[in-house]
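One chain, chain A, links the two complexes that follow: it is found with chain B in the first and with chain C in the second.
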Partner chain A sequence: MDTVLEATDLTKHYEDFSLRGASLTVRKGSVSGIFGPNAAGKSTLLRMLAGQTPVPDGTLRVLGQSYADADRDLKNRIGYVPQEPVFYENRTVEWHARFAAPCFARWDGAAFHRLLEDFRVNPLKKVKHLSGGQKKLLSLALAFSHGAELLILDEPTAGLDIVHRRSLLDRLRALANAGDTTVVVASHITDGLDEIAEDITFLHDGRVVLRESADDLATNWKWVIYKDGSIDRAVEERFASVRRQPFGSRGLTGDFPAVREALAPALASGDARLDHASLEDILLSFIKGA
Partner chain B sequence: MFVVLSPTHPDPMYKQVTDQIKDAIASGDLKPNDRLPSVRELSEALNVSAITIKRAYQDLETDGFILTRAGMGSFVAPVERDALRERKLAEVQEELRRLVRSSTKFGISAGDIARLARQIEGD
Partner chain C sequence: MNPVYRRSTTFYLWSALTYLAIMGRYMITRDWPVFEIIPIFMPIWLVSALTASEDDERYAFLRMLPVPDRDIARAKLVLILGSAAFQWLLMTGAALARMDEGIADPSTLVYLTLVCVFGLLAAAGYQIAIWRYGISTMKPVLIASIIAGIAFAIIHLASLKNVDDWPALSRSAVVEWLGGAPWISNVVLAALALLGFRALMRAGVRVKAASEAHL
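After this line comes the complex of A and B, so read on.
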């Protein structure tokens, strides 16, 4: 499998925050999700991946190159949508397309206008009259219209209504499935992005605390609902989080295949049963456990 | 008593509560005249609204599984074992229907399943 992006030990210190040794591998044609609470370092990491901010420490190769000695075409091949896109407020949407066109070697004006139509953004409107969600859509339309092979999107669903969010998720999945486009998204809430992300990275306090494929997460992480005293103490002690209730407890295991044997008797007798663990449940266990 | 709700379960919360209390009665975990937790106690423990638990208790009472005495709380009714057996049989039938349908696709007959069931019972 081709690797589109390879980041090793990316580190950056700010006065009040540090990104500490973030590593990440992104396969061609995949959708990677970077999740984490507010101020976990997601935007810092994404700006580095997109070449918007230098990498003081660690190595980063994107599309086979490093930004330090990249050819001028590298940024053409990347579509970056910042968390808070900035535009010329007094200019129209259309003006921004004319402004963007000469910057990108493979600018596709027709595609841009089709996207605006899909997103229901009026090209003649001034940016200052757009809602927050529409600004995000404009930023996405720009990123999708210059033949980028790698899309790096910071909170792409923020501010979007359910219809636009769904259509964006479908579009991202379709782009990745077509094989030539790779998508990296970051979000502080799972918000449907967990449905399309095949590889999950979880950032917390500037560190990568979890890197797993979505398939492995589904195999390894389960809620065990059990009658108190019905399961092995050793298993109980290894739960990533436990919610004790007077009428039965819930324990979250991050290594289900390893405890399957030990749980088998309780599962067979009905003293325990399994429940699906959502990405949100899993991520919360890291935040609360830390 | 063992009641834990699952947000991903297709059944509504009140139905999950009634089903699990019925199971507890059927298995003998809850015996006739046992006192059930109050609506408030259970809603707080399960982190759901009191209305959900009230609805569950009302349904249980209508179906004859519990009795509610004003000012005293809810108690397990002296349920007839036959009624519980009927209910379980209906459940088993539903599960067997699924099992038999999916198994026949693999050439596993109802007879094979019956043999397996007897074998498990003997274990």
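After this line comes the complex of A and C, so read on.
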């Protein structure tokens, strides 16, 4: 397994917020999703991963190097899209391309203009006249136009309409399938991005509370819908969350293989059944349980 | 040309050209106390160029590009140095040209250098403070400095003309003493200024690399 990014115990303290001991490993050619509620620390973590802010504590290796030793080389190989647009508001889209082009070793102007066309962003417009979604698309076009091996995208679908969001997800999926590009995305919403993420990290209150592959999440996390009294109380107590309903209960388990045997009689008799747990369900269970 | 230089140069070039057009004209055509007052505008012009350039800057965008912070810090500080040197050369040239008329003398040359050293170090210091605290925090300080500088120049000019024995800065004891050997004094002052600027450059590179004021 080629590791593109390895972060260990990343810690950063601000006046009103701390990211505490975040660790993360990203495989080459994968799509990793970092999810969590607002103010969970996703943007702080991504800024550190993308070399936008110094790493005071912990270790970070990106593409086998550290920003302290190889800032220029790494930023040539990384495409970063920040949560908020960071452009010169009084300059045109084209001006930004002309500004960025000589900085990147592998800038592809034709690809940039093709993307602008796909995204329907007018290159002659001043940034201050673009909508929030168009600014996000401009950020994405810049990140996609210099042959980046690693894309670090902070809420890339925020502000995008349904057409562009779908187009972006397809593009990210295609890049990851091609195997040469690795994608790390962060979002507070799981809509869409959870479909393409192969590895999931949950951040809550500045801490990584869960790191699992999407396959393991699907195996381990299940809703158990059961008639009250049909399953052992000890099993019920192991559920991450339980919702009482008029005709029974729904319990969310994060360790289905461990309770499978205990649930077997209820499942066999039809007193209980299983349902898929979405990423949003799992995320909510962590937030509410915290 | 590095795009960081190219964008910021526009502001400093504009500043230098307006200084040349407005203050340069005064230095060539007006009589005493032109060389007492006009140099006071040098730090004002430099800090104005810095304020305009930094107000329009987007460091978060620059940090996304493969341009190391130390290159950005050096580019910005070298532009301040270049701008200060240009204004010093302009004023010194004008003073030398008017020595025969008695409008300027050796002390004037030292006074010009002292003011330019002050302007250079103040602007470099402000630049570093902007990296440390952000332009939104520093902008009121910069604007207050510009206003205070203009007010000082106006009050000083009015007092020189209307108040008997109002002290002229270019006639102060220290300046007169240094003016006894103007070329040696200027070389020493320039060397000290460059040493101070070098120290600020080192500090600036460190502050810029650690800066999160733009986030």
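The criterion applied here is as follows: the second predicted complex is superposed on the first by the 289 of 290 C-alpha atoms of A that agree within 3 Å, B and C clash if a C-alpha of one lies under 4 Å from a C-alpha of the other, contacts with A are read in each partner's own complex, and residues count from 1 in each chain.
To be clear about the criterion, contacts are C-beta pairs under 8 Å (C-beta built on N, C-alpha and C of every residue); 3 or more make two chains touch, one makes a residue touch a chain.
None of the values given here were measured: they were computed from a predicted structure.
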{"item": "Superposed partners chain B and chain C on chain A - clash or fit", "value": "fit"}
{"item": "Partner chain in contact with A:D180 - chain B first, chain C second, else both or neither", "value": "neither"}
{"item": "Touched partner set for A:D275, first chain B, second chain C, both or neither", "value": "first"}
{"item": "Touched partner set for A:E117, first chain B, second chain C, both or neither", "value": "neither"}
{"item": "Geometry of the superposed three-chain model: angle at chain A (Cα centres of chain B and chain C, steps of 10 degrees)", "value": "150"}
{"item": "Which of chain B and chain C A:P54 touches, first, second, both or neither", "value": "second"}
{"item": "Touching partner for A:I225 - first (chain B), second (chain C), both, neither", "value": "first"}
{"item": "Touching partner for A:G248 - first (chain B), second (chain C), both, neither", "value": "first"}
{"item": "When both partners are placed on the shared chain, which of chain B and chain C touches more of chain A", "value": "C"}
{"item": "Smallest separation in angstrom, by C-alpha atoms, between chain B and chain C in the superposition", "value": "40"}
{"item": "Partner chain A, residues of chain C touching it in the complex", "value": "2-3, 7, 56, 58, 60-61, 63-69, 209-210, 212, 215"}
{"item": "Chain A residues touching chain C - in the complex, by the definition given at the top", "value": "47, 50-54, 71-76, 80, 82, 86-88, 90, 96, 98-100, 102-105, 142"}
{"item": "Complex contact set, residues of chain B against chain A", "value": "1-4, 6, 8-9, 23, 27, 37, 41-42, 45-46"}
{"item": "Residues of chain A that touch chain B when the two form their complex", "value": "223, 225, 227, 245-250, 270-271, 275-276, 278"}
